[in-house]
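Next come two complexes, and both contain subunit A; in the first it sits with subunit B, in the second with subunit C.
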Partner chain A sequence: MTTFEVFLKKDGRDEFRHVGALEAANDELALVSARECYVRRAEGDLLWVVRRDNILHPDRDFTAPNATKPHRHHSGEAVAARRKALRESTQTNG
Partner chain B sequence: MDDFEAFLNQGGIVEPDDAMPDEYRIAVFRFIELHANSEQMGGLTERDWIPRTPGLRHKMAVIAKTQDEFGHAHLLYMVAADMAIKTRQEMIEDLYAGKSRFHNVFHYRAKTWGHQVAIAFLVDAAALASQQAVFKNCSYGPYRRILKRIIAEEGFHMRLGEDRMMRIAQGTRMQRDMFQQAIDDWWWPALQLFGPDSKPNDMLLRWHIKSERNEILRDRWVQKFVPMLQSYGFTIPDPGLRFDEDTDRWVAGPIDWEPLKKTFANVGPDSARRIGEASAHWEESAWVRHALETTELAKT
Partner chain C sequence: MKAPKPMADLSPAARDIILAFADDEHLMGQQHTEWIGVAPFLEEDLAFASIGQDELGHAALLLEAIVGSEDADIDALAFYREPSDWRSCALTEVNLPEWSDTLVRHWLYDAAEELRWQLFAGSSVQHLADISVRAASEERFHRRHGDALLDVLLTVDDARDRLIASLHKLLPVALTLFDGPPTEADAIAEGVISGSLDGLRAPWQQRVDSRFEPVDWAAVAAPAPNQRTQRHGDFAPLLARMLEVLDLDRSVTW
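Moving on, here comes the complex of A and B:
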């Protein structure tokens, strides 16, 4: 038996979403099983069935460093403060 | 454990690859395995009734329900297997060897169509209420996600059950008598499905697997079904049942927990036949699994 992961897409606007896993003896049966387990009542119209072995899944430590990189964001607060300060100084001088 | 419990209390969700205390891993695994086994045994009960279900429309619905139940079992076995305690195959083999538990209601025989209707409405409602209470606040991510799908499908089964009940309740004298007998036979097993009152230190509550105490779920079920069945002219087989004017609630009589304990030990009224038949079917179909594993097909 091989373990597969199943992804479904509902309509044009949605992304593919992981819905669960299944075990099957081969690719053909994996597809049938995915349809009969996960798309029983038109829950989606596009299906990805992927062998679990083919998915790379690093642990949380691998993604963690990017949680603390404020320079990749910009809240706009500093710009707003500067905008306000400049406006006020222009009005005072004008 | 303290850090882990603090994480859970803040609404933390645990994923399969995350570190978790062994006690949590084992408790959650056992709970999901019990649920999976119950879906599997429930599917077998449902399948037995495909040839005997009256009318083509209902027969087709029963086929769909049978497929739904086996599907639920498969998905739950996958979630349980990812907890790295037993494989799916091992869980199925343990179930058919009589080494595992499954819900009490599948240790009784469904003898008449009336029984099937009572199971589809009263018992499924009890099972659905328990699942919804888990879904509400479940800390184990994969279980919570798969429950969403299972609950949606169980909702169809409930509606189908009510449809069947309304038909039998509006049927002939003989049909109504058959359904009254079914209520008499299934009322207590359905009530016992919720289990005895939750213990103060129930770990499944503490670790946010269950979100409600057994006695609360059980009481809610009583408040719903006593007035409903009575309004349709059926009686409840509980001599201790009374209506409390002060609280405006129905109070069930004392519950005998011995039958539940017997089903937990796999020595309920129909346990041996159910497990024996399931096990025989599993052995008879061994050649199919063998063929799938060994033929050219497996290499595609």
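Moving on, here comes the complex of A and C:
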């Protein structure tokens, strides 16, 4: 049996979302099973069934270093704080 | 699905031929759903139950066509009839505890069901023609499911041996599918269906031959035709299981 990952999309809105996995003996059975297991209440209009083996998955070290780079977050808070400080110092000096 | 039109003007022959299909669909759906939780693997458990639910849906549509509206007491017709008033065939009544038998029955029944809906496609009863369009679109996927499993299993020696044994065990009782109800000729004359159930036998046999292996049909001893007026020995316990919950309190609205 091969493990497949199942994705669904509502036509016209949303992106494809992962909804679960299944095991099947081949691609055709994977499609048939996905239809009956995940779309039987019309949960999506479009279906992707992907062999898990075909998903590229580097280990955690590949992404870990980026966990300590707050300057890459664009929440705007840091920039807003600097602008506020600059504005206040300008008013004081003027 | 829009509410069916009142069917008070249905002839007895029309009623009987619809009932024969409805009862087969009802029992087939029930038999499939009895595999919930015990099918060979989870994905198949869900798929098979889903297919059974579709068959129950077809039965409900056909029964509604007879009683005339969704508000009428459809349960009285669906569940509370004398066994001799049922019009199911023995293939849908027989108890099959082995998965290989059940899978083969699923395929044999659905192969015939496709041909059977085609008999209703041009029905003089417009509502039946409408139902057949919807059912045919669902049945495509039932057959695809059965074929996908058989495509794999028939290439594995052990599985193939078991499936072929199941096939030959079931072929005689499967031929009861093509036994028409007593008034079938009238239903054809009235245009309710476009041909007899027996007329579906040859195209169905060709499908069986090409799916499994060429069958010596002359050697397949079908039970004596009874025009669907007699029940298989497994019918009574099956109906008892179907009524187990309903009989607790018939007044409850589900």
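Keep in mind that, in the parts below, the second predicted complex is superposed on the first by the 72 of 94 C-alpha atoms of A that agree within 3 Å, B and C clash if a C-alpha of one lies under 4 Å from a C-alpha of the other, contacts with A are read in each partner's own complex, and residues count from 1 in each chain.
We adopt the following convention: a contact is a pair of C-beta atoms (placed from the backbone, for glycine too) under 8 Å apart; a residue touches a chain by one contact, two chains touch by 3 or more.
Fair warning: this is a prediction, and the values are worked out from it, not measured in the lab.
For the composite obtained by superposing both complexes on subunit A, the positions of subunit B and subunit C are in clash. In the superposed pair of complexes, A:Asp59 makes contact with subunit B only, with no contact to subunit C.
Of the two partner chains placed by superposition, subunit B and subunit C are both touched by A:Glu36. In the superposition on chain A, A:Arg82 makes contact with neither subunit B nor subunit C. Shared-chain residue A:Gly20: touches subunit B; no touch with subunit C. Comparing subunit B with subunit C, more residues of subunit A are touched by B. Contacts of A:Glu28 after superposition: both subunit B and subunit C are touched. In the superposed model, A:Arg51 makes contact with neither subunit B nor subunit C.
Superposing the two complexes on chain A places one region of subunit C into the space of subunit B, and among 169-177, 187-195, 223-231 or 241-249 that region is 241-249. Once the two complexes are overlaid on chain A, the subunit A residues touched by subunit B in the first and by subunit C in the second are 22-23, 25-26, 28-29, 33, 36-37, 40.
Partner subunit B is touched in their complex by these residues of subunit A: 1, 3, 19-23, 25-29, 33, 36-38, 40, 43, 57, 59-60. Residue ranges of subunit C in contact with subunit A, taken from their complex: 41-44, 46-47, 50-51, 141, 144-145, 148-149, 151-152. Per the touch definition, subunit B reaches subunit A in the complex via residues 17-18, 64, 67-68, 71, 74-75, 78-79, 82, 88-89, 142, 145-146, 149, 153, 289, 292-293, 297-300.
Per the touch definition, subunit A reaches subunit C in the complex via residues 22-26, 28-29, 32-33, 35-37, 40.
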